[in-house]
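Quick one: this structure, given as structure tokens, is what I'll be asking you about.
Read from first to last, the chains carry the letters A, B and C; within each, the first residue is number 1.
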Amino acid sequence: RIMRPDDANIAGNVHGGTILKMIEEAGAIISTRHCNSQTGEPCVAALARVERTDFLSPMCIGEVANVSAEITYTSRHSVEVQVNVMSENILTGAKKLTNKATLWYVPLSLKNVNKVLEVPPIQYTRKEQEDEGKKRYEEQKLDRLETKQRNGDVIFPIINPEPHTVGYSQSSLIHLVGPSDCTLLGFVHGGVTMKLMDEVAGIVAARHCKTNIVTASVDAINFHEKIKKGCVITISGRMTFTSNKSMEIEVFVDADPFVDEPRERYRAVSAFFTYVSLSKEGKPLPVPQLLTETEDEKRRFEEGKGRYLQTKAKRQAQMQQAAQ
Amino acid sequence: RIMRPDDANIAGNVHGGTILKMIEEAGAIISTRHCNSQTGEPCVAALARVERTDFLSPMCIGEVANVSAEITYTSRHSVEVQVNVMSENILTGAKKLTNKATLWYVPLSLKNVNKVLEVPPIQYTRKEQEDEGKKRYEEQKLDRLETKQRNGDVIFPIINPEPHTVGYSQSSLIHLVGPSDCTLLGFVHGGVTMKLMDEVAGIVAARHCKTNIVTASVDAINFHEKIKKGCVITISGRMTFTSNKSMEIEVFVDADPFVDEPRERYRAVSAFFTYVSLSKEGKPLPVPQLLTETEDEKRRFEEGKGRYLQTKAKRQAQMQQAAQ
Amino acid sequence: RIMRPDDANIAGNVHGGTILKMIEEAGAIISTRHCNSQTGEPCVAALARVERTDFLSPMCIGEVANVSAEITYTSRHSVEVQVNVMSENILTGAKKLTNKATLWYVPLSLKNVNKVLEVPPIQYTRKEQEDEGKKRYEEQKLDRLETKQRNGDVIFPIINPEPHTVGYSQSSLIHLVGPSDCTLLGFVHGGVTMKLMDEVAGIVAARHCKTNIVTASVDAINFHEKIKKGCVITISGRMTFTSNKSMEIEVFVDADPFVDEPRERYRAVSAFFTYVSLSKEGKPLPVPQLLTETEDEKRRFEEGKGRYLQTKAKRQAQMQQAAQ
């Protein structure tokens, strides 16, 4: 579809969150269709996880986004979908790859939302495809278990923070979940959640460096808990790490189901977003360094540095592999 | 209501689809109100057909759209509504007629969506009004039957197409039907469908001529099949004909009800949109000619030429009549 | 959240209606949460009244709106919420108070929408807080009764009105209530209604003075009757009074529940909006005087003048108090 003014920031760059939302919609459609392709209980595919994804080039207002999706692996209860986003300038005809993402879905019964159904297996053209898919499946399963444990942190407001400290740029946003945010099952679309997360992360980044900022990448996001219609969700973000030209922001989504079936507020999702700062000509700018104060802040900074160096090493390895 | 940035293209011209959506909303309100005016089963009026309509002058961001609707004929099971759209520049006070449209609605029972109810008859001030309305009713009934039969065509993707061929500009868009797209009966508003059709047609036109394009007219659209909440709809468009200064684009809407009540994908709507290309000063530009390759493309080009010449002849006859 | 192009007028000033909608959403969340904090029947808080509120400084596209809400008084069946809106320019870090509003909510049972539930009492830190709250509660109760009685007026269209008369600028807008306009109970959010009211009042003001206009204040709004999903609402506005630099516009909301449970059209809400006209540099401009023609128009002008002088006197008293 064509990118509209509301999809973009003041500089005309389309929000990463808008792109994540389109990706998730495409993934939900193809996996729901696949899981209903055999006669049996009707179901809706719910997003369980998005693998780390990079935003390769910014998209602008007036460009057309082409989203294509393909099922690349099925386990007994989950579907792996590969989604590609191309941006096309329809006036010049130029096309660019904007984004590649891998998503995992789980089919939930339309009649009983707590029942996970079986996924019809796909046919692989080569045996290696199945083996590689199985490897990816095992890896993500492990990672899901790990993140489930570190999900307990809370962000408190800070009075009169100094510029460039963590407290200075931390931000939060509250949203009441309405019908247009939800699937047929009455739960929030994963894509809606990711769009709000990107919005908060973008506010944190802009408060820190006070320039035009864009989403560079999003780390793997795990959706541990569904969020029901009528909940209030609080999305909060804080900066964890800065390199010379990038900022890492941790975002939490907490759901508060205060109506209907009262239950404690709970952590539904958490993720790391990486942003870069751009000059008016679209060149990356140096980023002011994050000032860490508490022990926790220093520890998170080191952990962020670890992720940053790991990603950098992985990318260099890929480039060498590609060059061979 | 006031036209917003998201209602318009980059050049500030309001999308034809936004106007069609407003027209349909006005038509649905007046005919639903009329059909519920007698005590009896409550119902919702569903759009069955929109007659050919011309966009007389472009509307811009910041202008106010005044939509007025009037019931002009009732048959036993259908209502004809005439809708006028005036654009008003509230700063200068200038008003222009933007659009005149004729729509047909059918009342469906709120309790049983497959039951068509009876329409309370309206009073005519002159006997001729009733006779002319009856004539229009018979004509549209005939046309509905005809289009139902040619509804089988499918658009396939083409690899590496040459510029200005049919394959080069053909486009499609996928949309998951959500609650805010639907009426009280849980079916997609006709206006929502038309807005998406105009979006795809606009992308086809822009890809072909790579300039600022606007909707000039829409041929009669028949809504043969309802589209239910939770469906995925695929809207696809291809260019069929070019004159010196206009492009005709055929648009198909296919619905895929993959959840809940599995059923084959089916053609719900099809229509022809005519676009013109505008210079920066808003003057019509010459259009690159469409290169037809296959026999089918040549046949469709000739058919499009036939429609173009027929419309031109009709318009000249009307102008001569008006001049007498 | 960040202000988007669709939230603002052509000059980039965020619509007062967008701000009112955010305020109401925050109020609805905090009071619904409070009313569900004790075990008992689940409920949704419905907006009963908004006290008079001033727009202290305009907000612009790209700024972040910070909305904070606090419960300041509870009676047996109602909750008073104080909401503050700060606008923040995230590039410069500058913050300004945009708006302060006081709202009253009533908890309605999720199982039986006509049943008003009891509100858990809040703890006051000082006895005076409770007494002042009780005084505000009694005052608004009285005012609600009064406005319920003058709720009968209707706006008729006028043919060929002269510039600057009441008939010249009066306007109305029709809206079909869809699912995304509604709460969990299936009734229109008060904030949605206020946004539409501000849109109509803005069209009346722009038609009268043909310049860039912004909302300066909104008088107390009482929500006497709920509006159900599927209703058509007609929002109509007419100018009642002009001072040198401000315009007062009266806005009515009428609901027409034509489907499902047929009932007469009824007046749901009415309110007074005050607008000012701004130059390109954002300075207030003189306003063309309203030409009153009928006896009713002259009477309403005098009443408007009364409200204007009363507000002016109150503001001067507050400023003197603040200066002491």
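The criterion applied here is as follows: a residue touches a chain if its C-beta (ideal position, glycine included) is under 8 Å from a C-beta of that chain, and two chains touch if they have at least 3 such contacts.
Predicted model only: the values in this text are computed from it and were never measured.
Mostly differing positions are employed by chain A and chain C in their mutual contact, as under half of the interface residue numbers are shared between these two copies.
The angle of the rotation carrying chain B onto chain C, fitted on C-alpha atoms and rounded to the nearest 5, is 120°. For the pair chain A and chain C, the distance between C-alpha centroids works out to 37 Å. Shared interface positions of chain B, defined as residues touching 2 or more other chains, are 5-6, 179-180.
Contact residues on chain C toward chain A in their complex (touch as defined above): 1-2, 4-6, 25-26, 28-29, 32-33, 36-37, 39, 42-44, 61-62, 64, 67, 90-93, 110, 179-180, 182, 184.
Considering their complex, residues 5-6, 9-10, 163, 171, 173-174, 176, 178-180, 199, 202-203, 206-207, 210-211, 229-230, 232, 256, 258-262 of chain C touch chain B.
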